[in-house]
Each structure stands twice: as structure tokens, then as C-alpha cells.
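Each of the next two complexes has chain A plus one more chain, namely chain B in the first and chain C in the second.
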Partner chain A sequence: MKKPLVSIIVIVIVIVGVALIYYATRPPEVVPTIKIGVIGPMQYVQGIGHWNGATMAADEINAAGGIQVGEKKMNIELVQADSNEFINITDATNAMERLITNDKVDFIVGGFRTEAVLPMQDIAMENKKIFIGVGAAHNELCLRVAKDYDTYKYFFRGSPFNSSFLGRTSFIHLGTVAAIMKMTLNIPKIKVAIAAEKAMWTEPMIEAAEGVIPKMGMELVGVWRPSPIATDVTAELSAIQRSGAHIIFTVFSSSVGIPFARQAGELKIPAVQVGINVEAQKDGFSQATQEMGNYVATLNTYCRSVEYNELTKPFVDGYVERFGETPTYTADTYTAIKYALAPTIEKAGTLDADALVAILENASYMVPSGKVEYLKDAEGNHLHELRWGPGYLTSLGVQWQDGELKSFWPNKWKAVPEAPEVTYKGIVPYKIPPWVVDAYKQ
Partner chain B sequence: MALDIIISGLISGSVYALLAIGFSLIFGVARIVNIAHTAFYMVAGYCIYFATHEMGFHPLWGMVAAVILVTLLGMVAYKFLINPIREHEGAVLIATIALAMALQEIMTLIFTGTYLSVPSLIKGYFLILDVKVFYQQLLTFFAALIALGVLWALLMKTRLGLAIRSTAQDREVANLMGINEARVAMITMGISVGLASFTGAIVVPLTILDPLMWMHPLIMMMAVVVLGGLGSLKGSFIGAYILGFAEAIVVFAIPAGAFLKGSVALSIMILVLIIRPEGLFGVTFEEER
Partner chain C sequence: MDLIRFYVRKLFTVLKNEVIVLPSRVVVVVFFLFLLLLPVFTNNQYTLRIFTLTCIFAILAASWDLLSGFTGQINFGHALFFGVGAYAAAMSNLHVHLPPWASIPLGGLVAVLAGLIIGIPCLRLRGTYLALTTLAFPIILMGFVFAFPDLTGGELGISGIERIARSRVTNYYIVAGLMFGLCTIMWKITDSNTGIIFHAIREDELAVRASGVNTTRYKLLAFCLSGFFAGIAGGLYAHFMRIAGPSTLEVSMSFLVVIWAVFGGVATIYGPVGAVFILFPLLEFLRFWQEYRTLMFACVLIVILLYMPDGLFPWLRDKIETECPRCKIRNIATRTVCRVCSASLE
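Moving on, here comes the complex of A and B:
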């Protein structure tokens, strides 16, 4: 009788012991989170913008209790991936692979160079992960969605709008500045020089500019194509000055935008700069040009003193307070997470990518830089491309004035004659550099 | 346009000459192909930025400090990284590539990839026959000429210069004649890196700082050295101006092809090598053997 009793006691002790050990060593209760991969060149301003914007969005959402997914609330967990895409595109694809296979993220935001984002897009699409591109502007990224919807439907453009719209906006800025020059300086026919870095994204813009500038009543005096990483452009600037150009239409996204602006300012080249100069969108531009970049104008998304709508100021002020600088367009990871992903997840009540795509592609929502809607192509196929125009996204025309970035456009802008005028709060007049005034004032 | 080309060619040629002569010098003396040569040029630029922007020094003092610090860094790198493997030329080549990459990554970690700049020593420009030239460019041109003159005097008029030239001609015989060849190599490395850092110091106000800024000058410098003839200082000097003028001609003659200036310069190098494989002033391969 005693033996079975002992056995039972031993078994009970073992079971209790195992249960106690399990209880003591059990893994902490895992709070479910939504994992969002933030991919970008993290050692560079663009990647830092990606991360800062995403961090701000995640912190705000988590502080408010997280995202309601069906019955439960889930917090956002960000995973950073350095794409190193300025140096090595393979690093970018590896980083994307790692986010998906190793970190098992649910969504991805970021990317910058089109050359890197295209292969990154393929990886995300193969794995059916929603990827909101924040940085690359090439049209092909969204044309792929229309061409092969089943494969590419998980891609959405987050920022900026595409190259064609960027070009169109830049030509409006060019026309605006040309009109001011013409009126102020009595120049009968404005001469324009195009200075565009040698890069894939600039080719369609140059082609378009060569056609559009004469149609706008201006004379095109030449096209200069410095290397994107040129550090000395005095030769180009001398040649541009000899061409008699009044306006230099810039198409720069790389470092060449800095020496170009600095040297043009220091040499007092009698021509104003307008167009796209991504380096001039950053707060550090003034230091980088040793204050010689004053009066440079460029297309931009945010400017401290300008409000598109009631969402702009809280975002820009909050960003400046937290990170000490004005957000650039790569910080629109904030918009991608807070205004695109979070509300869509809440509406769908699931993290299922197909369910979310169906909601997001038909959504219309306000963001700090305007209103987002996604375009379809002429055949009615989804492009997941951002709509451009009054009432939607327009961007800004900004100019460096006395060491500060100010916005001069849109100022009573009408997209078509019958359209209402558009002027955002905080717009200031465009200023012609004094040495240009001195050179042409009659 | 001709004057534009002359001025632009003289300035970029002088910069290439300074870099190429430093590179040639250490190759001639110690057979070290120092790929990190232009990385030292980059580090000098960052030192000046740190001294002027972060510590508030005058740019001139920043330049002096940068040249001294980077020269010391170069000598330390030689002592601990290059010297132990000096006899294996392939290993030295790879070690200096690794050193350059390490310096690039260190600068990226400290300063990030943000583009930075330092102020000019003399701001503004003047006109030469209607061509605008920065004072800083003029300063760079004359500083380069002075540095090259000092180097020439050092090599031709001093005992150290004699030792360096002897070692460059024949290391073993120089050793037999009582020249401390290892010490000469160390000093030459210091001079070579000193020239690279001096180039960085005078060029950086004309350019922008980023951790990749060493790559383009490296390619052009190597093209100059190969064009002039490996190890030939005279060849490097002349080759530098040939490529400097080639670049300037491309920019002024083909504005829409300005980005091709580097490619055209490299094509000239290839053409010269097809006709004269040892370069303009290099030792013929047969003689070398």
C-alpha cells in the first residue's frame, strides 16, 4: 500500500515542481504589436527624416493607446533598416529582405532613390507587404501597379508626388519668377539656362523643359549637365553667365546643388535660380553654402511659416521642437503611418494586406501637406499615385531669404482661369537678388 | 572661352598635381600603393570643419591643425598597419583600401552623411579679362605651386631629399650605402600624407565635405599617376595639368556633356597608355625588370 502512495506523492511533487519552474521561467506576456519597417539611408539626412517622421507618428499613436485592431488595441513597434542606397543598392535590397524575413514586419515605409526603390518594391510585393514609398518620385513605381495590379497592389506612393507633377509644379514656379523678373526689371524676353544633374530622374524633366520653356515665351540658352557629385561648377557657371541667362532652371537632388548655389552666390552670377534643388530644402543649406545660397528658390513640401491646413502647424512645430529642424519630404513617413496605415487598419479591423489595400486605395484623407487621394489611369486601373492640384497636394515654392526659408508660392495661384485662387497662410513675396537687380535694372 | 579653360585647367591641375605627387612619392620610395591617400585628404577636410565650426577656430589655424594631425595619423597608420606587411605589395594595397573605408565609416559615424562646408580663407572674387576667379582659387593655385616648390627643394637640395631619391632608385643599394631605408620610408610617408592633408586643407573651402569625397579624387589621382608614369614626380606634375585642362575643355566645349569630364580625362589616359604603356615619363617595363 505504501509504495503506490509514495509514487503518487513523487509524481505530484514532480508535476508541481515542473509547474513552478515553468511559472518562474515563463516568457513575459507578449503584448501584440504592429511592426512597421522604416527603410532609408540612415546615415544621411533623407534616412534620418524617414526615421524621425516614423518615430513621431508611432509615439503619438502609442501615447493615445495604440491602434484598434478588431477587438484589441495594438501598439506600433518600429524596426529601422539602413538601406545604404546612396552607396550600394544591394545593401538596400538586403535590408528589405531582412525586414521581411528576419524582423517579420507587417508594413514598410521609406526608400529614397528610384534605382533602389524599384528592386525594394519587388521584394515587398513578392511577400505581399504593404510598402508606402516615401522619397522616390519616378512614375514607374506606380505605373507598375496599373500594369500588374495583382503583384504590385501593395505599393502606395506616400511622398513626394511623381516626377511629372514635380516637373509641372517647377514650371509654374519658373513662370512665376519669370513674370516677376520681367515686370520688375523690364526684360523683354527672359533667357533660361537649364542646369540638371546627370541622373535618371532628370531626363524626362529636361525633355519637358526644352519643350515647355519656348512655349512659355522664354528663350532657352542651353543645357548644362554637371555630375551629381561635382564639387566645382565654376566652369559651368562661367559658361552660363556668358550665355546671358536671366534664370537658371535647376534640377538637382544630389550634392551638386550645394556647390552650384554657393559658387553662383559667391561669384554673383546675374541669374536667379529656381526649380528643384533638394539640398536647398534642408535647414543645413545655409551652413553648407556658407550663406551664399541666399535667394535660391526650390520646390519643397514644408516651410516653418506656411500652413496648408489645420494639420500642418502641429506637425511642423512638433517636429521642429523634437528634432530641431524643419521636416523634409522624407519625414512624411509620419503621414504614411498616422494618416494612411493607422486609420485604414482601424477601419478594416485586421492587418490583412488585401483587406487594407481595398480600403486605402479608395480613401480620401487630410494630411499636413494637403489632401490625399489616389489616382487611376485612363483605363480606370488603380495607380496608387498621389493626386496633384488645388485642393489636394501642391507643394510649395520656397526661397532662402536672409538665412531663412520662406515660401513665395502658391500666391493667388489659379490652376486654370476659372479655378479659385490658392494662397496658403504664411506666403511672402519672391525676392530678386540685389546683384541681379543691379545687372539688369534699366 | 580660352581664358576660362586656362584658369579652370590650371586650378584643377594644381590640385591633382599635389595629390598625385604625394602618391607617387611614397610609391617611388617604398613601392606602397596607398589607396587611402585621398581618404587622408578627406579627414583633413573634416578636421578643419571640426576646428572652425565646432571649436570656433579661425580657418587658418584649423588648416594648420588639420595638416599636423593628419600627417601624424598617416605616420601611425604606416607604422602599425603598412610597415608590418610592406614586403607584400598586394597585402599593402588591400590594407590601404580597408584603411580608406574605415576612415570613411568613422567620418560617417561622427559627422553623418550630411553635406558640410568650411569658410573660405579669403571670400569673394576678382576679374581676369572678364573671367570671374575666386580669391580662394588663386590662393589654392599659388599654395599648390609653393608646396610643389618646397617639395622640389627638399628632394633636390637636402640630404634627406638625397636619401629619398636614392631609396627610390634602389632600395637595397641605398641600404648598403648606410641609408636607414625604413626610416626614410616612414618620413616619406609623412611627407606624402602631409601633401594629401595640405591639399585637403586648401581645397576644402572650394568644395563640400562628405564621407565619399575621397573617391573621385582617388580615381583622377591614379589616372594622373599612370598617365605620367608610375613613380615619376615630373610625370605626375605634367599629367595632372593635362587631365585638368581636358576636364575644363569638356565643360566649356560640351556644356550638356559636362558630366563626361572625368570620363574624357580617363580616356586620354587610356589613349596615352596604348601608345606608351609606361606612361609619359615612366620607367619602361623592360628596364624595370
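Moving on, here comes the complex of A and C:
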């Protein structure tokens, strides 16, 4: 009688033991995730912006429980890829291929240098992966979508809007500042000097400026081309001063933006600076110019004190709190993930790229820098290009005022006479530097 | 059937008497088999991409060695040939609709022309002066690229070029096959009478001229040959990447070629090829340590060149093989007598 009992006890112990061992050593439950590749020059400020924006978006989405994909919730998993695209284009394409083939990402955001983004785009399209470009502004990236929709339909522009719109916005800033100068200082005809770094991307801007400035009723007094890495631009500034220019239209993306602003401040050149100066978009600009960069104005996407809409403040404040700096436009990977990909996936209930493209290209949604809608070309072909203009994306005109970056544009701006006025919350008036006022006040 | 049996027997004889006796030859055979069988073991697109690009850069590095290693005409602007080949292939494909099999050799021929254009004014220069002058040419061409953006695509380059083949495996086999073929041709050139004259020009040009050899013609020939192979590499690159941009002409590209060649061992052909097959995948492998990737790469280079100043592969070869002092035939280092003339190797 005892024997069967012992046997039963042994069997039970064995079964419980096996069950316990299985429970202790069972593979962890695999939580399904949506993998998003973040590609960019990660050793540079642009790539850091890409990664910071994406991290913030992923953390917010995951903290809220993830993305609803059909029946299940899925978290976001980010995969970082250093494209090294400023130095090596081949490296950038390898990084993209690795993201898709080895890391098996579902979507990609990022990219910066157009020459690198073009082959990166080819790789993503061959693999039918949705790639939201955040950084490169060249029109060609979206023209490809219209030219060969079936191949390139998976590409969308995330930020900034294209270079044509960037140029147009800069000229509006120039016109705005010129009008203020004319009115305040009673200058009959504003003289403009163009200061553009010696780089290929500035060529079309200069060509356009040479055509547009006279049409805007201003006089073009000359074009100066310092080296992108110049540390001394006093010769150019002296020549600009001698030309009698009231406004310097800057076209700088490189480090020359710092010495140019600093030395112009030191020499008290009687001309205001407006246009594009990427260095002036950064928080450290005032310190880098030893506070001589005060009153420099540039085009920018975000400014701490300005709200495009109710989404701006939470994003900018959250970013500043977390990373200690104002987001640049490459941090719009946040927008690409949180406002483009996540809602589209939830709406489609699938990760299938074709289904998502069909929804996203017709979507209209709010983002922290305005409202996104995708353009079509004249023949009605999808471009996946961002719409620019009042009510959509406009960017800002910002100016350094007493060591702080403030935004002066759009301030009661009308794109066309019949259009409604646009003024964002937090916009302040443009300030003319006191030494310029002293030089021209009659 | 007898013919097949004859060739199989001959193959075994060659393998037994000519290949297995020397470790360096065994390594070449293993390397060949590795490249041949790679797609059988993996169809990973990323791996195949890395090895396809490695093969393209191996042609480029070997072409620099042909000119600078063998003839001693130090070229710090080798990216010119590569860029010219890439742009010529891209333009002929995009504007004239030439298929890759025609546009790539055309790229090589246009690079030959570039070799002539550079070679003629550079013939009077030597050493540092020649090196610095050659460095200027890709920069000048980049100026032209930016000056005629309608033709060259300017800053963006020329994109939307036809692929060599649709499948990645086919691309790989075409490029790897070409790499083997072209590197063998380069090696054969250096082993021929022309190659001996190239060697001699590097060692003592005056003596060669005193022997009645027109060194000018041979130096120009070296520029053209090197240009042709580098141009082919450029054409392959353009069709593989589907873009030919200013980055193909960048100074960093020229220096990368010199680094590969010096790392592997100059005046060897196999040295630069081997170096590319180590360094290019190594840089990819180091992606796991992204922040220190370039630093680690530089450390590897410095350590190798510190302890192996003649390059990695000549150093390795000297460790595993010895040359017979009498008949100059190479033997495995473990042998005490020469395998051909039985002379003592100790």
C-alpha cells in the first residue's frame, strides 16, 4: 500500500519540480515592438537632434501604453544608426542597409545631407520601408515621388519644408525688416548687401536674391562670399560698411556665422543682419559671439517663447527640460514619430507600408510647428512635400535681443492681401540695433 | 571524357606542386573560394553590400599601387580617376542611356584621358612636388562639377542611375569577378617586362633612361593604366550606389586609397587588395562602438604601421615564407632546403 503512495508522491514532486524549472527558465515573454531606425550624423549636433527628438517621442508613446495596432498594443523600440554622412556617403548607405537588413526596422526617420539622403532613400524604397526625411531640404527628394510614385511613395518630408520655401521665407523676413527700417529711420531706399558663405547650396539663394531684392524696391550693393570656416571677416565687413548697406542678407550654415556676427558687433557696422545664420539658431550663439551677436536675425523653427499652437509649448518645454537646449529642426523626428507614424499606424491597424502610405499622404494633422499637409504637383501627382504658408508651416523669424532668442515674425503677416493675418503667441517687435539707429536717425 | 580527366589531373598536379607548397598561394585560393561561396552561406543584403563595395575599393587601391607603388609616381589625387569614371559612367547612362556594361568601360576610358591630361604636365615633377600637384586635380574637377550643375548635378551629383543588376547576389558576383579579373591583369602587368621597367623607374629613373628606355612614355602609360582601372572602379561604384556625386572626388577619398595601400604593403598589388578586405569590413564591424569607431580604426592602423612599416602582407609573407638565395624561388618557412634547387635555406 505504501509503495504506490510513495510513487505518487515522487511523481507529483517530479511534475512540480519540472513545472518550477520550466517556469524559472522559460523564455521571457516577447513583447512585440515597432522598430524605428533613427539615422543621422550622430557625432554632430544635427544627429544629436535627430536622436533626442526620437527618444522623446518614443518615451512619451511607450509611457502612454504604446501604439494600438489592430487588436494589440505595441511599444516603440528605437535603433540608432550613425550615418557619418558629412564625411563618408558610402558609410551612410551602409548604415541604412544595416538598419533595414540586420536591425529589421519597420520605419526610418532622419537623414541630413542631400547627397547622402538620395542613395539612402533608394535603399529604403527598394525595401519598401517608410522613410520620413528630417533634415534635408532639397526639392529633388520629393520630386522623385511624383516622377516615380510606385518606387518612391514610401518617402515623406518630415522637416524642414523644401529649399524653395526656405528661400521665400527668408525674403519675407528681409522685406519685413526693410519695411521697419524704412519707417523708423526714414530711409528712402534701403540698400542690401548679400553675405553668403562660399558653398554650393548658397548659389541658388544668391541668384534668387539678386533677382528679388530690386523687385522688392531695394538696392543691391554687392555680394560678399567669405569662406564657410573663416575666422576673420573684417575685410568683408569693412567693404560692406563702405558700400553703405543698411541690411546684410546673410546666407550662412557654417561656423563663419559666429565671427561674422561677432566682428560686425565689435565694429558696430551700421547694418542689420537678417536671413539664414544656422549658428544664430543655437542657444550658445550669444556666448560664442561674446554677446556681440545681439540683434542678429535668422530663420528658425522653434523659439522658447513662441507658440504656433497648443502642441508647441509642451514639446519645447519638455525638450528644454530634458536636453537643456531649444530643439532644432532635426529634432522634428519627434513630430515624425508622434504625429505622423503613430496615428497613421493606429488608424490603419497594421504596419503594412502600402496601407500606411495611402492614409498618411492624405492626412492633415497638427504638429508643434504648425499644421502638416502634403502637396501634390501641378498634374495632381503626390509629392509628399510639406505645405508652406499661413495656417500650415511657416517657421519663424527670430532675433537675439538682450541675450535671448525672441521671435519677431510672423507678426500680423498676410501672405496675400486677402489672406488672414498671422501672428503667433509670444511674438515680439523687431529691434533695430542702437548704433544703426544712431547712424541713420535724421 | 579523356579531356576532362586530363584537365582534372592537371588541376590536381598544379594544386599539389604549385599551390599547396606555398602558404601565400593557399591563402589566395581560400580567399577566392570564400568570395565565390559567400552568397551560398549568407544571403544577407547588408553583408553582400559590404563585400561588393569592398571589391570595388580593392580595384581602386590596387590601381593606386600600380602607379605609385610600382612606378613611384606618388599620386595624392587618385580620387580624380575614381570620380571621373563615376561621373562619366553616370552621365553616359543617364543622358545617353548606355547600359552599365558599356558605361562602366567608358568611364574607364574617360579616366585614361584624365590620366593623360594629368600625366603630361606632371612628367617634369617628382616626389613631393608631384604628390602635391596631383592632390590639386580632383579639387579642380570639383570646381568644374559645381560650375556646370546642369550637366553634373552640382552639389547633389547625378542620381537615378541604372543598377548593374537587379539582384544583390548578381551584383556581387559581377563585381567580385571583375575585381579578380582586373587585379590579376594588374598583377600580370607588374610581372611583365613593362612592370620591370616600372620598378626600375621607381628605383633609379636616370639609370633607366641611360639604358635607352623612354621613361616618359612608361610613366604616362602607368598614369593611363592606373586611371583605367580606377575609372572602372568609379563606374562600378556609381552604378552600385546609383549616384555619382562630389564625394567621389573628395580629398578624403584620395587619402583613404593611400592608407589602404600603405597598410597592405605597396608595390605588391595583393597588399592593397588584402588591406581593403580587412579595413573596410573592420570599419563596419566597429559600428557596435559607434562613438569610438574612427578612433579604434586609427589605432589599428597606427599599431600595424608601427610594427610592420612595409605593410601587413609583406610582413606576414616574410614570416611564413623564405626566398631561396640561389634560385629566388619562395619556400615555406619551415623548409631547410629549397624545394626546387635544394640549396640550403638556413
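What we mean here is this: the second predicted complex is superposed on the first by the 414 of 442 C-alpha atoms of A that agree within 3 Å, B and C clash if a C-alpha of one lies under 4 Å from a C-alpha of the other, contacts with A are read in each partner's own complex, and residues count from 1 in each chain.
Following the convention adopted for this analysis, a contact is a pair of C-beta atoms (placed from the backbone, for glycine too) under 8 Å apart; a residue touches a chain by one contact, two chains touch by 3 or more.
These numbers come from a predicted model, not from an experiment.
Peer 1: Check whether A:Gln43 is in contact with chain B, with chain C, with both or with neither, and answer first, second, both or neither.
Peer 2: Both partners.
Peer 1: Contacts for A:Arg262 in the overlay, against chain B (first) and chain C (second): which applies, first, second, both or neither?
Peer 2: Touch partner of A:Arg262: chain B, not chain C.
Peer 1: Go through the superposed model and pick first if A:Glu404 touches only chain B, second if only chain C, both, or neither.
Peer 2: neither
Peer 1: Counting residues of chain A in contact, which comes out ahead: chain B or chain C?
Peer 2: B
Peer 1: Using the superposition on chain A described above, determine whether A:Arg98 touches chain B (first), chain C (second), both, or neither.
Peer 2: second
Peer 1: Tell me which partner A:Ile87 touches in the superposition: chain B (first), chain C (second), both or neither.
Peer 2: both
Peer 1: With both complexes superposed on chain A, which partner does A:Asp377 reach: first (chain B), second (chain C), both or neither?
Peer 2: neither
Peer 1: Just to be sure I read the superposition right, which of the two partners does A:Thr231 touch: chain B = first, chain C = second, or both, or neither?
Peer 2: First partner only, chain B.
Peer 1: Of the partners chain B and chain C, which touch A:Lys198 in the superposed model: first, second, both, neither?
Peer 2: Once the two structures are laid over each other on A, A:Lys198 reaches chain B alone.
Peer 1: Could you look at A:Thr114 and tell me whether it touches chain B, chain C, both or neither (first, second, both, neither)?
Peer 2: So A:Thr114 only meets chain C here.
Peer 1: Is there a shared patch on chain A that both chain B and chain C touch, and which residues make it up?
Peer 2: Correct list for chain A: 43, 87.
Peer 1: Quick one: in the complex, what on chain B touches chain A?
Peer 2: Counting only chain B, the residues touching chain A are 1, 4, 8, 12, 53, 108-109, 112-120, 123-125, 131-132, 134, 137, 206-208, 210, 212-213, 216, 248, 251-252, 255-259, 261-262.
Peer 1: Under the definition above, what is the set of chain C residues touching chain A in their complex?
Peer 2: The touching residues are 44-46, 49-50, 53, 146, 149, 154-157, 159-160, 241-243, 245-247, 252, 283-284, 287, 290-291, 293.
Peer 1: Spell out the part of chain A that touches chain B in their complex, as residue ranges.
Peer 2: 41, 43-45, 48, 86-87, 197-198, 222-232, 234-236, 238-239, 241-242, 255, 258-259, 262-263, 266-268, 279, 284, 287-290
Peer 1: For the complex, give me every residue of chain A touching chain C.
Peer 2: 42-43, 80, 82, 87-91, 93-95, 97-98, 100-102, 114-115, 118-119, 122, 138, 140, 144, 200-201, 203
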